[in-house]
Each structure stands twice: as structure tokens, then as C-alpha cells.
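Two complexes are shown next, each including subunit A; its partner changes from subunit B in the first to subunit C in the second.
Let's look at the complex of A and B:
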């Protein structure tokens, strides 16, 4: 017995010694959301696209806030429905296969399959994909889609041969792309290890190995940073911000996030909010500066609109209606609601920074001008389906446009619900305004970017200032923290993606 | 004995059916999986298409029947989130949770037993009273607080133990283990301690109560009078009679920790099953949740049967005929 134990002990020690001390990666990162899948079309959430952007390339890429060529060297847009792409030559996938037109056709066709894709909307909007030669592809859409090209940085191109040959489960776990990094190992719930693709068409990235640790619990992410286990964290929570900022070893980087938080308010005939004076009163009763200061602890920027400055349709001239409860009361009196009315405000409690607390603050402000607000706060998995079913006519929500073109978002969130044409899917309050719909529909045929911007800005002003279709609150803040000693050169992206080829030391 | 086990297994099967049925009923109120499956910009028509593709447009009893029929053939479906087979997804996480639970329960069992015996021998000594007071803290402080406190002290202030993850792991066959590397063991300390804290306190109090009762019995006095060495009296004669409730408790706790170490796993970003369950609940990933709960029920069932068998070994008077 003793002998066996001794032998076991020796084996154990040998194993301990034999374990190679794995060198830490050049860059160790902790992110707040784990990736869901390694299938680049399997999730359209930014948290997943952020990881995919390292393994795959789109036809275009978004870099420094501009669309630049990636797998397509250039494209033409000869008429409203046609997009012609001239592909880059000499690019290879991680498995050595050459990239050409058949991979593009395959990838875009794959978008329509709901079993593997969350981009069915893009997939179904395509009419035909024609291969002219190995390096020229023509895509025709069913209807004019002015923002078609603006979406191409997140439609990733897969290798036709290996994707078809492998089982879908395997495709969802082992990415084979053309990207700047290859996946070495993915231990779900634990870490991803990335290794530089030395044959990358843009040149090998400066950082050779990256370890990404998704840590969902924010206090643990904070501990990982403070204890020096990671070089860089995303999603520093507002309640820990002061502690991070005060730590001499750490550096924080803040930038206004693309996502705007706003209140959607229905205008069903007969409801108090159908009266523009009531809408204005609600707007003016809310002290947004105090929400930013007290609820968001300074980590937010008040806004008068929903698109962020990078999005086409952002109108720099828009101003918030001032906070003025006396004026709000007067407006309510004018509209015949001197004694106020009752309304229910719905909000998720696990989706946006301080979401439930913002809703509580709004309820408090509205109570001061005589509007009784019933709060209906619930988890996002219940809240969002209810919004789509049209259950709520007053709710808090956040949005950003992934294609950097407000046209798509307005059709989804602001246009009158039209199930036939697929408009207003996210217009949960069933808000409806003929002027807005008309102006919005006129934009589908505008392709010229300057002209689009002008019309969408006009639409934005009409919706925000004249009609008060929504009550905008603020842009969230993206907060990152770094170890000063790691000397990482990092500029956060507007879309919050972590693209490691853009980071250096 | 054999018929007894067989009967227990059949009962277990019925319990499992009940569990899945309850899961399915709850899912009706847990949010719409189409929300997870469809992209943000999917139109109403596209959402309907997705609903049909995944069979979610059919009545609940049809969906339930299909789930059962597939489950009997070992096919638990595909995750709505990662779109890979559910069973593999869960089993892949099993080693992490099993190792954590095993270490935590072993810690709780040995330390709890030893402390319980020590305390029972001189119940009124000052240091023993302190231990008892400490055990109250172990029972009443919530797990997440213990976890965060341990992280603050050992990772942030003292910087001796890592705050998250499993560290370096080695793969033996399909089993990814952290028990064979120094780094892996270091990562195990804090979460195992957090998880063991409550169980330790319970086991200690249980042992102490039992020991105090047994130590007053006539046969123990006889043993002392015979002049047996204290070691034999305490461990062979007294402790053995206390073991039955302690083993039952340990078994139940092991099952519970294995199935529901959710809070600890989340705080320490431990890549185990509890962590997966929580993420899946947030995302309404119903196939993962249903399969997980079925497997958890199965595990607890098996552990209970094993505990029953252990009874017979500990107390030959117990027979199951």
C-alpha cells in the first residue's frame, strides 16, 4: 500500500514538472461577453462579430471609422439594384485554400439559411449572385438597398470547400477564414487563444499571440485587471469606474458609445400621447443631466437624437428641449390634462447600463408634473418579445445601427408597422406618422451618400424636433482599462469590436 | 438489494419525466427563442420562417413529445445560441464542475468531520466556541459575498491566488483536468474554498451534535473503562455511529454542488456547467436548459442510490429487502 502511494506520488510530481510552463500570450484581454459561436454568420451580435473579425474578412472593412477595401479591392454600383465586386487576388484561407469568387457566392447564399445564419434579412434581400470570372462577382438585390455596402464589413467570407465538407457543429467551433489571426484553442467559458496569420494579405499583425478571457461578472473582471492577470479589459462597470481611475497602475479610455438610450412613446388616436403637447411635456419633464450625473455617474452623454455621429443621418444641429417642469405642466394643462394621467413605462433590467434605474428616474420626474407612471421592469428575454408583439406603448430601449445608415433603423423602428413589406418590426409602440413614412420611403432610391445624409438629417429633425417620435436620453459610454506597464497602443473602435490587428505594443 | 435498486431506477425515470414536463411548462413563460435565433433586423415574415424551421410553430405537446422521443435516442437537440449539439456542449463542461465539486466536498467532509469531533470533545472550551461561532458565519454569509471577499483578499491585496478561470489544464482522453498542473491547482483553491464553506459548516455542526449524543452512551463509557486508547474510542466506536447522517448529507451536498454551483462558477468565471446554465438562461437557450436539468436530476438520483448502498456498508443492520 505504502509502495503504491509512493509510486503515485512520484508520478504526480513528474506530471507537475513535465507540464510545459506555457508562455503568457503577448496580449491578454478580458472581455465582458463570451462569443456564442465560431460560425461567422451564426450571430449578428457585436460581441460575436468582434471575435469573428479577427478570423474572417468581409468584402470591405471598417477601419478608423471609414469603409476600406478588404477582400474586394473595389466595387461598382451601376444601378440601384446591382453591386459589382472586384476581388483581391492571392488571398488564402487558413487551411491553404485560395480565395475566389465561388467563396463569395457561397457565403452570401449561406446567409439565407436560418439553421446557420442570423443574417437572413440580408440573405433574403439578394436576388441573384453571378460569378463573372474568378475575381469578379455581381450581386443583384430584390429592392434598392442604399446601405448594402455599409453592411459588408460584417458579412464574413467563408471557405466554400471546407465549410461544405465539415459538419455544421464543427464549423461552429473551428473557424477557417482569411483573417489576421488563426484560432489555436477555444475552451468555452474559459478562453480563446489566437495566433497571428503570418500570410495575412495585409501583412502579419504586430501582436503574435492573444489570449481572450470572457469574464461576465464585472467585479471579477475588475479583480483580474487589478491583480495584473490581464493587460486590457472591456466593459468597466460605471460603479467601479472611480476605483479603476484612481489606481496608479491603470489607465482608462472612455468614448461615447454608439448606442443611444431613448424612450419610445406610442401615438394611438385618443391616447394622451397622441397630442404633441403631451409628448413635449414628457420630454421637458425629464432632467437628463441629473440622470447622467446621478444614475450614470457621469458615464454617459446626453443626446437629442438616436444616431451617433458616425451614422449617416446624424444631425449636428439638433438640440434637446430644455428641462423645464413648469413649462411641462403648462403644456399638460393646455392639452387638457391638468390633473395628469396614468401611463405604464416598460424597461428591461439586464440589457443596458443602469436600465431599470433610468426608468425609475423617469417615473419620478413625470410624477412631479402630475403623470402617474406604473413601472413594468423585466428581464430582456421577456421584454423584447413583448415589445415586438406591441404590448407596450411606452418603453425604454437602446439602439445603434450596424450599417452606419439610419435609413435601415428608421424603417425598422419608426416606420408604421407593415408586416407585408417588413417595415416597423421593432416599432413596438405602433407609432405612426404619415409625414415621416413618406419622407422615409423617398430615401430608398437615394444612393448618393451626400444626398442621403441630407435627407436623413432632415428626417431626423422632423422626427425628433417637430414630431417628438421618440424621447432621446443619452449615449452610453464605452469604458476600457489597461495596465500602464503593458504599454499597449489601443484606440477603441466605435462599434466596440476588438480587432487585434489594429493593436500594437 | 438488486430489486431495490431496480425499483429506485424506475421511480427515477418517472421523476425525470416529471422534471422535463415542468421545464417545458416553464419555458412557455421564459421568452421566445425566435428572438435569440433571428437577427436584429429580421422582419416578421423572416421570424415566422425561422419559427417553422425549428418547429417552434407547433403546439407545445407536439414539441414536448418530439423532445422526449429524441431524448430517448440520445439526441437532445441543438443549442439555439451556438447551434451545436447540446449534449456535447454540456458534457464538455462536466470535468471542470466535477473537479471543483469533488475538491470542495472532500475539503468540507474532512475538515468538517475533524473539526466536529474536536469541538464535541470539549464543547465549552473557548477556542471550540469560537469555531462554532465561525460555523454560523459559514452558514449565513451568502456564497457570492464569500467569493468576492476571497478574491479581494487573496487576489487583489495579497496577489497570491488567481481570481478567475482554471489556469493551465491537461487533457487526458476527453477529460480536461486542472488537477495535474501546479497552476491548475492554484486556480482551484479559491472557488473550492468558497463552495466548501457552507457545506463545511453544516457537516461540522452535524458531526458535533451526533458525537455529543453518542459520547454520552453507555457503550462509550464501557470502551473508556476497558482502557482502550482514545483514538479507538473516538473514531472506531463513537464516530462510526455518527457517520450515517453525515454521509447522507455529504452525498446530497455533492449532488447539489455538482448540479448547481452556479454562483461560484460565475464569480470565478469557472468554465463549468453552472456557468453554462446561467448563460443559457439569459439567452433563453431552451434545449440546453432542459437537457441540463434532466442530467442534473439524473445525477442526483444516482448519488442518492449510491448513498443508500453506502448505508448498508456502514451499518450492516440496514437491509433493503
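Let's look at the complex of A and C:
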């Protein structure tokens, strides 16, 4: 018995001694959202992809705002449906297995399995995957998808052998990719430790060890930064921005975010919002400038559309309808709603910057023109499934197009729901407009980028100005804070991913 | 001892116990404040037509930038802290008294039946009570609220009642078991009194005293629980005023130096709970003959 106690004591001392050594990573980061899984196809949320991008590579990569070769050295697009990829040779997975065409085929086929993938839309859009030789793959899509290549930086390639050999639970815990980092340890809800992959095909990354601490509570994240426990935090809360900016030890980096926050509003026949005058009234009743100034503390930019300037289809000519409550009241009167009506506004309260507070502000503005708004604010885990089920016909949501093509966003969010073809899967309000659908359908055959941009801009104008399909609010601002003493060279990405191979000291 | 003398003894002890006086004064002040909220509050913070974002994040009136009528400053949505607190007190006390009334009545009845009849009704009630007691009430309430689709004051009351009635049932059962042995109960039985008469005429009035203490203690527990649930975001919806929610909103601003959003509602919550507890302590000592009084 004594012996056992003694041994335990020794082990305990060793653990105590070992802990500080382990904790000293070259870079310690606090992020605002934890990853859900280590299965690279298991979640299409940015927070997850951001982590996966360190363990895995796609056929292409997005770097400095441009698509660059990754596991594919180059590709050809001989006709509307065909994509031919020439793969990189001599790449190995973390377990030593060689990367080749069968891994690509396996990974893309895996996308269609809803058990392990949230990229089923991409998976189902693929007709055939043909292996020409070990390093050449031809993918044919069922319908023309002009933005197919723009999505390939987030379709991560897995090792066929080890993924098939392990059970899905373990695949979701221990990533085996070709990426610049290997996962050392993942304590769910606490931290992730990453270690450089010295055999990385692009050369070993400059920072050798990274510790990622997901801290969802913004004031706790702030405390970790101020106390010097972390070198870099993402998602500095707007209410603390002034405080962080004034701290001489800290440096803040802001960049306009790609994500736009907007209100989705259904147009079911018979509902007040089926009347364009009501839609316009709601739009004009909202004082977006005040929301930006007061709720967002200046850390946002008002927008008249959903796609950001980097997305094909962004229309620089679009203007917001001005804030004019008197006009809004007049429009409501004209539409026969002089005494207003009641509507429920749903919103998540833990997803976007100040999401619930924006919803509260909107409710206030609408009350002032006579529309009674019931707020239905809930955690994202409840909110998003409800949106997809079509439970809400007025809700606040944010969006950015990962493939930089507004056509994809519109098919997903605004096209009339068509489950079979995978259209309108995120059209939670079940908004439907024949003109928008028709014009949108016509864009699938346009591959020429300039021509595409022209048609999509036209579509954007139709939807935002003439139809008021959504009520856009603002683009968020991404705010990061760094310890000056850590001397980290960090340039934030437009997609908010934390790709550690891009960071150096 | 006549009725009159018992009353005057109560009054005598009460008047000579400063903590009882402080406790009850606090309670009365807060109850009045809650009742008179529409009169006292300069603003109805939950009438969306009158609240304006333009007044957001103002400090209390004695600080630079503060202005009337927002005596204690405003929150991030332009609601006055003072007004919101008054309305929040209403929610706290409404939930507190509703739960005590509903859970108390049900619990007392179950305890009475379990204590008097014993047998299966006793086994079922008490095992249920054991089960409930083995989990933290906060956790149980969160689980229950997760099951309910609707959010609102009534949902919160129902959820808390479900986890709370066992307190009363246990106390009542114990008390009944004791009183049941008394000679006057035997006598009543011997004279042929029916069950209903026995239960409500003889047992209940003689066994109820400990329940008063439970009521007083429980009121504070329930108010705290509602605040906790609302703080965690599973209690009342954001369209309802609540002290717990005010603290939740304010905590994000503490590091930014805006202390008034947390301090005032926090202080009110503490004073309310302390007041009730002081009174409950006095009541317990007063009603429990086993405790020797120093006074």
C-alpha cells in the first residue's frame, strides 16, 4: 500500500514538473468558437474549417486572397461539366501514407454521406470521379457549377486507408491529413495543441508549437489577453474594444469582415410582408447608422447587399434605402396596415457580434412605426436547425460566401426551396420569387467571369432594390488583439481562418 | 397561555431583534418598490416605443455624462437601470411568491398524506423527493427548461415548482409523523373523527409551523434560482425584465469600466435575499422551541 502511494506521489510530482514545459507553446491563441469535430467534412462552420485547414489540405488553397495550388498542382476545365486535376507528387499524410488519386476520389465521395459530412450539397453535385492515373483525377459535375474550383480550398483531402480502417468516432477525434500541423492533444472545451509537420510539402512552418484555447466567453478571453496568458485573441468584443486599443501592451488589428448581417423576411401569400410596401417600410424604419454607432460601437459598415466586395456579384452601385420612419408609416398606411401588425423576429444570441442586441434594436425601431415585434432569441444550436426546418419567417442571420460567388449564395439562400436539386436549403423563410429564380438559373451556364459578374450584379440589384428580398444591415468588422511583446507577424485572413503556417515570429 | 400573550411575546421578541427588523424592512421596501414600479419608474424599459438606443450606456446621474431621468445610468439598449431594476424586482417577486404558493400547497398536501397514511404513497413521495434532492436544483431546472418549447415567466415558475415542492413535502411529512403520535390525535380518532377531519382540522394546524420557516427560506432560494437561470440565459426571455438578465448583460461591460450595469442590480438582489434570510432566521428561532434564546 505504502509503495503504491509513493509511486502515485512520484507520478504526481512528475506531472507537476512536466506541465509548465508542455504549456510553453511558441504561440498561444485564444479563439472565440471551439471546433466541434476533427472530421474535416463533419462541419461546414468557419470555426471548424479554420482548425481543419491546419491539419488538412484541399486541392487548392486560398492565400492572400487568391486561389493557389495545394494538393493539385494545376487543373483544367475543358467543358462546363469537367474538371481535371493534376496532383502533387511526393506528399505524405501524417501517418506516412503517400497521397495519390485514390485519396481524392475517396474524399469527394465521402462528401455525399450525411453521416460524416456537412458538404452533401457539393457531394451530390458530383456525377463521376475518374482516376486516370495515380496523379490525375477527372471530376464531372451533374450540372454546370461555375464556382466549383472556388470551393476546393475547403474540401479537405483525407487518407483513404486510415479513414476506412478506423471507426468514425476516432476519425472525428484524431485527424490524419497532409497539413502543416499535426494534432498533439485535444481536450474538448479546453485546448488543442498543434505541432509542426516537419515533412510538409511546402516546407516546415516557422512556428513549431501552437496552443489554441477556445474561450467562448468574451470577458474571459479579454482577461486571458490582459493577463498575458495568450499571445493572440480573435473576436475582441466590441464593448471592450476601446479598452483594448488604449492598452499600451496590446495591439489591435481590424479588418472589414466578409460576413454581412441581414434580416431574412418571408413573402408567403397573404402575409403582410408579401406586400413590397411593407418590406420597404420595415427597411426604412431601421436606423442602421445608429445600430453601427451604438450597438456595434462603430465596428461595422452599413451595407445595401449581402455579398462583400470580394465576391463576384457585388454591385458597387447599390444604395441603402434611407432611414425615414415617417415614410415607413406612410407606406404601411398605404398597404392597409395603418394600425400595424404583429411579427416574430428570431435571432441567435451566441453567433454573431451583438446578434441579440441588434435584434432588440430592430424590434424597437419597428415598434416606433407601429409594428409589434416579438423577439425569439435563442442559442445557435437551437436557432439554426429551426431556420433550416422553415420555422421562422423573419430572422436575423449572417452570411459570407466561401466560394466568392454570389450565384452559390443565392441558390442556397434565396432560390425557391427545391430539396431534390439542393436549392434553397438555407432559405429558411421559404421566400420565393419567380423573377429571381429565372435570372439565377440563367447564370449557371455563364463561365466567363466578367459576364458572370455583370449578370449577378443585375440579379443583386433586382433582389435588393426592386424586390427587397432581404433587409441588409452591415458587414461585421473582425477585431484581433495581440501582445506587442510576443512580436507575432500576423495578417488576418478575410475568411477569419487561423492558418498557423502563415504566421511567424 | 392565552392567544394574546403569545402574540405579544412574538412582538416583544421581534422588536428586540435588530436583524429581524432590518430583514422585514428590506422585504417591505422591495415589495412596495415592485408593486409601485409603474409609478416610481421614470421610464417603462420594456415599452419598445419609448426606449431609444440614443440613451445607451449612460453613467449614473452624478457622473459626467449622466442625465435625468436615468438616475442610475442606462444599459446597452438605452433602458434606465433604475427603471429596469424596479420592473425586474416584479419578476423576481412574482416568480418567488408564485412558486412558494403553488409548490408549497402541493408539497404540504403530499407531505400530509405521506405522513399520515404511510404505505405506498409515502414510499413514492419520499423516493421522488430523494431523487430530486440528489441533483442540484439549478441543474434540474435547466434540464426542465430545455424540454419546454415556450419561454416566459410561467415556464420558469412551472420548472422551479417541479423541482421545489419536495422541500415542503419532506418537512411536512416529518412534522406530521411527530404530531400523529400525540394523545389528542388518538383522542380524536377514538371519538370517531373521519380522515378528512383528522387531516385538516387536527393534523395540519398542529404540524404546519415548520412550513412557515421553509416558506421564508425557500422564497430567497427561488428568487436566487430565477436570477441564476435568467443570468444563464435559460430563464425569462430577453423581452422580460429580470435582475439576473441585467447582471448577465452588464457583466460584458465590467471590463470596459461600466460598473453600474452590474453593481446596482447585483446589490438589489443581494439585499433582497439577505433581507428575506434575516427574517427567516428569526422566524426559525422563534418557532423552534428547541433553540434557546439569548434575548
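What we mean here is this: the second predicted complex is superposed on the first by the 474 of 505 C-alpha atoms of A that agree within 3 Å, B and C clash if a C-alpha of one lies under 4 Å from a C-alpha of the other, contacts with A are read in each partner's own complex, and residues count from 1 in each chain.
The rule we apply is simple: a contact is a pair of C-beta atoms (placed from the backbone, for glycine too) under 8 Å apart; a residue touches a chain by one contact, two chains touch by 3 or more.
This is a predicted model, so every value here is computed, not measured.
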Chain touching more of subunit A, residue-wise (subunit B, subunit C): B
Partner chain in contact with A:375 - subunit B first, subunit C second, else both or neither: second
First, second, both or neither for A:360, with subunit B first and subunit C second: second
Subunit B versus subunit C as contact partner of A:246, first or second or both or neither: neither
First, second, both or neither for A:34, with subunit B first and subunit C second: first
Contacts of A:219 with subunit B and subunit C, given as first, second, both or neither: both
Touched partner set for A:491, first subunit B, second subunit C, both or neither: neither
Residues of subunit A contacting subunit B in one complex and subunit C in the other: 219, 223, 379
Contact footprint of subunit C on subunit A as seen in their complex: 218-219, 222-223, 237, 239-240, 242-243, 287, 290-291, 294-295, 349, 356-357, 360-361, 363-364, 367-368, 373-377, 379
Interface residues, subunit C side, partner subunit A - complex: 48-49, 51-54, 56-57, 76-78, 233, 237-239, 251-257
Interfacial residue positions of subunit B with respect to subunit A in the complex: 29-32, 34-35, 37-47, 49-50, 53-54, 81-85, 88-89, 92-93, 96, 148, 151-152, 155-156, 159, 162-166, 168-170, 176, 180-183, 266-272, 275-276, 279, 282-284
Touch list for subunit A against partner subunit B, complex: 12, 15-16, 19, 22, 34, 36-37, 39, 42-44, 114-122, 124, 168-169, 172-173, 187-191, 213-217, 219-220, 223-224, 226-229, 350, 379-382, 384-385, 388, 402, 408, 412, 419, 422-423, 425
